[in-house]
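Okay, here's the structure, questions in a sec.
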């Protein structure tokens, strides 16, 4: 059924259609509307046989999921940003214990300075945690991919994180096609755990593994993620068959195979890029987009093939490793080693900075003229940065950067001037 | 694609207005999108919200940079921020004020618009009259419909009924109609003249 | 032993006459006629925590855990799932690929066992399983320090979990460091006996049983491994309640306490008899019962068997000894132990 609703409500209703049995929650902007709405669905009886619990922290929330999932329940929660960091130890534990938990990450930056707006720093902070990490471009995809996530998690016995841009998607009201319960039931059968805590078949889970077996356990985790590459594709195809929509999968090419210049990006920025390249292509420019829908497992081969004909790749990222640069860019370098491809890393949209079609257009223009640097910070306010660097060179380098900039501007705090 | 930017202050229903607009457009079978300028909003703080209406799927995620319709819910914002930034002056301008653009001192801006594309109206007063609250959003939505024809009254009514419980929806529908009728009459008078 | 056999055991089939377990008062089960033996001596008893684990000689926690879990098994017709915090109990029972647990058991992290157990309880609830019960267990560090937030949350939500804390007064698994349950003056690797006030500082630390009571959960009890019948009774009683329950068991640690492995039971009893380890029960935040001290002993009798208190008994540290006596005195008054 077509509905005009926010991304959060759409996801909450999709989750309910997946019949989760345990949902612990802890509020953090911008994912909160999702769990709020699930709470209402449980209270109203629309979502039956579901234990919904308000817990005392994100650490408890993921731990609660671990217990529930180990006991054989279909388990879901959502978080963002600092919340993800607060549950970090349990995030690694969930994947280490091979528990098919599904979690929404309403992508948001990480402080300090505290910032509630969207970027991908949180998702990138868990890139080595052993979770499957999927990204969505739109609210329709968010809804669809959550349904796929449960099936994927349970097929692989691995936790799945659906990354959905905070505010930009969670708070945006758009048209979505909400599937029926029958469709979802057809796609996603009831969860039957392979191994669970069961008094009829006692089992010890989470033993201490020493140096004699740890390498093998870790290798097998790696192997399982690689196996997931095929399963993700297969399930996206199955989803397409039942629901008639192209959602999920490893990558999505928008003219990438036949373009000289290709943007590579993840998440909602693809939408703005699509508008841009439509215009550019009408003008006869050879520009395409490669949307990375699965970040973990990393579909290196698919990326390498999709960029086979490209001359330049512009890797657009909403986060970066301080002191290193774009993480995705370096991974694309690795994936395309051997291709005759110029790679530029563009960092943008940090902490909710608006990514405009105009700014992206300038990047493409630079690329067309062969003038795009290897590393670019989109719309960086140069004067502020230069001024602060100069001040630091003068030897006054202590203190938090954000506050130093204010001091330079003659402002002590938002309300006082020096 | 028709793009709308609404400026107001926290508590004036700016975000709800953009949502209602997108739902109304959806009800009419169009593609639409709405979202707020995100932040830890507080009552009284400047707030923006955006809406896009189109016959085709909308993919853009950037805020509305070049609004075809600019709705100013609070004229005190003229002194606080540049609400006109990027405005498409072939489009429309809808201002909640009993004063004329000249009295507001914004004629430099409004003179760029085609005739009858700039409307000032006492929406807060009408809101107080019909919904007993100084929330001008639904009155302005009615005016929006009369001015732009991008959405129509039945769809707006449906959107309001969907979002609010009946006791809140009913007076808001009356307020919307009042806004619609006021502008419709105004435009008809101008045409006759 | 099959499930059917154990389930025929009557939970109340404990000896009617109360005997001490060790020392001069010992009456070995095996010396009694079969009809008078306790369930502990039957061949049909469950063995939740089996032999072959890697605990130290004289480990109080291994003993406490085995009796607590078996009692819970009897009380629930063998329907127990246990979650374990990181710590000695976890490490010595599950040296991969082996396990000493014959019940469904999960270990996740150091600080989250209460939340993991809550999650299990939520899963059982959503599946409509009201017969299977959940136990969370951890040491004092995992309970009073790093796991405290999750535990308090579990109490707050009144989740249907029995939490058992095995209190040996420190982080023994990592090499005997101070926890917030380390007794005042005790020497640990991070509270060495140097300076004017050697050992763990006075007027610090927290006593979790009373904190649990402050949450007004249905049942709180303390126990000690010298009186296993009392421990079993409390566990069985705890299983008659629904909601969050807490049992705090005092378990001597020869390694951390610097005591002889053979003295574990003796020290366990002496802790109670000197007033430093009060045994009591509380329901819904109200004290309901406390175990009277039978033969009161001076605290120094208890302290002198433990190297961690050796400095306290030196002549220049009488102020410390006096302060410890005052703690015992206070316990006796507070919990009505005489």
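Just so it is clear, A, B and C label the chains in written order, and each chain counts residues from 1 on its own.
Note that a contact is a pair of C-beta atoms (placed from the backbone, for glycine too) under 8 Å apart; a residue touches a chain by one contact, two chains touch by 3 or more.
Keep in mind that what you see is a predicted model, and the values were worked out from it rather than measured.
**Student:** Could you run down the chains that neighbour chain A and chain C together?
**Tutor:** none
**Student:** Of the other chains, whose C-alpha centre is the longest way from the centre of chain C?
**Tutor:** B
**Student:** Roughly how far is chain A from chain C, centre to centre by C-alpha average, rounded to an integer in Å?
**Tutor:** About 44 Å, centre to centre.
**Student:** Provide the C-alpha centroid distance between chain A and chain B, rounded to the nearest whole angstrom.
**Tutor:** 34
**Student:** Where the centres are mean C-alpha positions, what is the separation of chain B from chain C, in Å?
**Tutor:** Chain B and chain C have C-alpha centres separated by 67 Å.
**Student:** In the complex of these two chains, what residues of chain C are touching chain A?
**Tutor:** 3, 78-81, 83-84, 90-91, 94-97, 99, 101-109, 111-112, 115-128, 132, 149-150, 152-153, 156-157, 159
**Student:** Quick check: in the complex, which residue numbers of chain B touch chain A?
**Tutor:** Contact set of chain B toward chain A: 18-19, 22-23, 26-27, 31-36, 38-40, 58-63, 65.
**Student:** What residues of chain A sit close enough to touch chain B in their complex?
**Tutor:** 2, 4, 29-30, 116-118, 138, 165, 167-168, 171-175, 268-272, 274-275, 352, 354-358
**Student:** Please give the residue numbers of chain A that touch chain C in the complex, ascending.
**Tutor:** 21-22, 24, 49-51, 53-57, 59-61, 63-73, 75, 89-90, 93, 97, 197-210, 213
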